[in-house]
Structure formats: structure tokens, C-alpha cells
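Presented sequentially are two complexes of subunit A, the first with subunit B as partner and the second with subunit C.
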Partner chain A sequence: MNNSITLCIMDPPYESANTTTAFRLIDAALRQHIEVNVFAFEGAVALTVKDQMPHPNPVHGTTVEEEKHPTTKDLVVSLFDLAESMKADLNWVNCGLCVDERGTGNFIDAARRGGPPDFLQMVQSSDTTLVVPTRRD
Partner chain B sequence: MSKILSIVSTAYRATQEEQDDAGLWVNRALVNGGAEIDLLLQGSAVNYAVARQDPTGLVIGSVAIEHPAIPPQDLKALQAGGMQVFADATDIEAYGLDPEKLEPGVQLITKGSIAGLFRKYEQVWQW
Partner chain C sequence: MSQFCFMASRDPVSSTDSLHLYRRAADLAVAGERVSLFLLQNGVLATQSLNDKALRQAYEKGVSIYADKFSLRERGIFANELDDFIEPLSIDEWLRRVISEDHPKLIWH
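Showing the complex of A and B:
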């Protein structure tokens, strides 16, 4: 056993409960010192975009500071921080072709650009792989 | 490399904006990289197995989508690369599709036998 897992995620930010579930799985794995590989495919390449900005909430009547709501890139940065504190590896690869067509190239420094060969390598080096489908049926 | 069964169950998701169905594309890329993968079509994705379908010709404003995804062609290419392609017979019937009009080589299996199919693979991925 390599003590590592690979996740492939596809949902764009703010569209599906799948994203929260994936983040919780990554968090839980890192806390057990399990190496986590993430291949962000399709819309999930937008999860790490630096240009994301939180906003005030006129329905709640709150300012940005009061709302204090993290963007998905903040959550991913936090996962990298957690990995460091747990001395576990978090490898986050954004599918490059998906990045190009979505214009999401300005992503956080901890993530890197890659493609299916990277996913294949992750699969081959992990104990197990979870593909989180973005089903609409 | 473990033997993998990939399941695609949502059809035509962004197949005009994209050049391919994302699930079929990535599996073909992985096979090209040496992965051993077979494919199961379920749900609305069983429509991919219909041999004669033509998604070309869409124009939005003045922009023509000249190279949309053509799923049965992708299935042919996957099969040529050694991939077995299965389709859920229950969903074929539910969508009113004629089994005689499917892409050659697509193997129909009943929902009841899918669990047994899973046992032949080391990993099962749902796209």
C-alpha cells in the first residue's frame, strides 16, 4: 500500500454538493497523513482561480467582512496548508486543455497544469481512485 | 495497470461547446497512455450508441459549430483501440431505441447483470 488516494473531480465551483464532498474527503485523508492526488478536470479547473472574490450579502444585510465566506480557491489553499501541517502530500493538477478553453489559467501557485497522463500516473501510484461524476440525469 | 470499467451516464453534456464528450475523451486519452479500460453506457448516454446521428450544422448567431462531438464515431475509435463497449439494455428500451440501429459491436447487458460485470474489473469509475 502506498497510503495514497487519487480523486478526479469535474464540477465547477458553486454548482454542486460534489465539490464540498470532495473537499471533505481530501481534508479527512490529509488528517490521516494520506497522500492525496487531485486531477481537476472540466469545470473543476475553476476551483483554484486566483481572481475569485468574496462578496457582501444584500439578502443577509452583511458586508464582505461580516459574511466572511471563503471562495473555493481559499478552501483549496487551506487544504494545501493542512497538508503541510500534516506532513502529507497534496498534489493538485488542473487539466490544461480544460484550463485553456475556460480561461482559468490564473490559478493558485500550489496547483499545476497537466493532463490525462498525469491522471494516469496518479492512478498507477495510488491505492485507489475515486472519480466524482458530474451527473445531471 | 488495473483493469477499469468506466461508466458514462449523462449524454450530450456540453458536446456542442466542447469537441468531445468529456468522459469518452478522457478515457480515450487514458487508453492511449496504456490504461486498460472498457466502457459502460447507462442512462441517457445509451443514446451515444445510436449509429446514425448527425449533430452537425448548429449555428449560434453567426458562429457555426463545425466540429461537434459525434459520439458513435468516438465509440468506433474506442472499440478499434481494443475497448469493449457495453450498453444498458434496460435504458436502451426506456429511451425507445432500436437495438438493431446501434453501432456494431456494442454489447447490450441487462441491469441485473451489471453487478456481475463490475466483478470483472479492479476499478469502476463513473463519469
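Showing the complex of A and C:
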């Protein structure tokens, strides 16, 4: 039985279906008690920024409460909540250089700062690794 | 014998290199490797286009073809519209059957 998977994700928030797929995969793995390691690289380090704010939709005439706009930060927090309820491990590392470049250091407490050596360690300790690169045509 | 799982996320009409991906999967299968192809996101549109022929060729060479149910549903594609050789799977089922049992090498496209 597989019990650990590592994902390297690179897409910034609100731009790619890859992010949705990554979140779905993490959710499904945790529900199967699979340990999940996430290495957020490049733009993906912005997924966990605390300062993200939901917004109203003036076009639809909806308030913040009515719009219920999901932020990626809240989605990641909910994945950590799920991990706790399932007694499964979720480790989330934001690439430090990518964070500094983008000024995204104010990220959620559950994530931690790291670097490529952490990714190497994750790969070596996992049964399976998936790298989801940004699209470059 | 290794196992490879190619994750095809791109619409093969706009990303014609998808056809090369299907062919590489077929080449590996012919070489004796166990290979599967998981269509997801816009990759499931391959089931609705002329590229369906390329998928069938890969299947006939030994590649297992799966399609993500969520991605199919998002795009209004129903399971009964799929060719018999394409098996719809939820991401949960895919994790259980393909990932947890076989620990394949995952290649995202």
C-alpha cells in the first residue's frame, strides 16, 4: 500500500486548472491516509499568502459574504484541517528563494520555508513523486 | 518491468504534442513496460476528437486509458459517450488502483 506522495507545484494562484487538480489530489490522498508532501516552487509560493482577501462581485451585485470567493490560502488551510481530522500528514514547504523574489513571506503558519534540498528529501522518502510544471509553449 | 503513468492534461487539438505523448506511451508498452494514460483537465477532450484514434492505437499497443470523471463532468462529457477502451475513474479510484498499488513513475503533460 502506498503511504506517501510528493507533489511539486509551480503555478501561481487563480491562473491554472493545475492548481485545482493538485488540491483535489491532495484532498483524495489525505482521505486515504496517504502522507502528502508539497513543495511549492516558483509562483506556487503565493498559494499560501495570508494577505489574500475574498472580494465582492460588482458585476453580479454580490457582497463578499454572498460571493463566497474561495482564496487558495483558505483552501490550503482546509487541507491542513482535513489532514488533522484524518490523522494523516501534510507537509508544505515554500521555496525560500521564490518567496523572497515575490515578497510572499507572510504565508500561513502551517507552511514552512525551505528549499530544493527539502524537495530532494521528500522525493527520496516518498513512494511516488509528481511534478506539475507550468505550461511553457 | 517498470510502470509509467502519463497524466495528459492538455487539449490535443491546441497542444498537438499530446499525440507524441500518446505515441511515447505506446512505445513504452511495446517495449514491455506497464503503462497507463490518465486524461484529465482539457486532456479529456481527446475522447471527443479525431485524436480518439491515437488513443485507440495506444490502447491496442497495451496502454491502459483512464479519464478523470470530474474533468469529464466539467466539460459535459458523459461516460456513455466514451469508447469502451476508455475507463472513467475518479481521482480517488485512480489513487487506489494506479498509485497505491503500483507506485508508478508519474509524468505530467
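We take it that the second predicted complex is superposed on the first by the 134 of 137 C-alpha atoms of A that agree within 3 Å, B and C clash if a C-alpha of one lies under 4 Å from a C-alpha of the other, contacts with A are read in each partner's own complex, and residues count from 1 in each chain.
We adopt the following convention: a contact is a pair of C-beta atoms (placed from the backbone, for glycine too) under 8 Å apart; a residue touches a chain by one contact, two chains touch by 3 or more.
As the structure is a computational prediction, the values presented were derived from the model and not from experiment.
Asks: For A:G96, is the partner it touches subunit B (first), subunit C (second), both, or none of the two (neither)?
Replies: In the superposition, A:G96 touches no partner, neither subunit B nor subunit C.
Asks: Let me test your reading of the model: by the given contact rule, A:A17 touches which partner, first (subunit B), second (subunit C), both or neither?
Replies: second
Asks: Would you sort A:D127 into first (subunit B), second (subunit C), both or neither based on which partner it touches?
Replies: Second partner only.
Asks: With both complexes overlaid on chain A, does A:I34 touch subunit B (first), subunit C (second), both or neither?
Replies: After superposing on A, A:I34 lies in contact with subunit C but is clear of subunit B.
Asks: Which partner does A:L25 contact after superposing on A: first (subunit B), second (subunit C), both, neither?
Replies: Touch status of A:L25: second partner only.
Asks: Using the superposition on chain A described above, determine whether A:P56 touches subunit B (first), subunit C (second), both, or neither.
Replies: neither
Asks: Which of the two partners, first being subunit B and second being subunit C, lies in contact with A:I5: first, second, both, or neither?
Replies: Only subunit C; A:I5 stays clear of subunit B.
Asks: Intersection of subunit A residues contacting subunit B with those contacting subunit C?
Replies: Residues 128-129, 131, 133, 135, 137, which sit in both footprints.
Asks: Name, in rising order, each residue of subunit A that touches subunit C in their complex.
Replies: Interface residues on subunit A, with respect to subunit C: 1-2, 5, 17-18, 21, 24-25, 28-29, 31-32, 34, 127-133, 135, 137.
Asks: List the residues on subunit A that touch subunit B in their complex, please.
Replies: So the residues of subunit A touching subunit B come out as 8, 10, 41-42, 101, 115-117, 119-120, 123-124, 128-129, 131, 133-137.
Asks: Touching residues of subunit B toward subunit A in the complex: what are they?
Replies: 1, 6-7, 9-10, 13, 18, 22, 26, 29-30, 33-35, 43-44, 123, 125-127
Asks: Please name which positions on subunit C make contact with subunit A in the complex.
Replies: Subunit C residues touching subunit A: 7, 9-10, 15, 40-42, 70, 90-92, 95-96, 99-101, 103-104, 106, 108.
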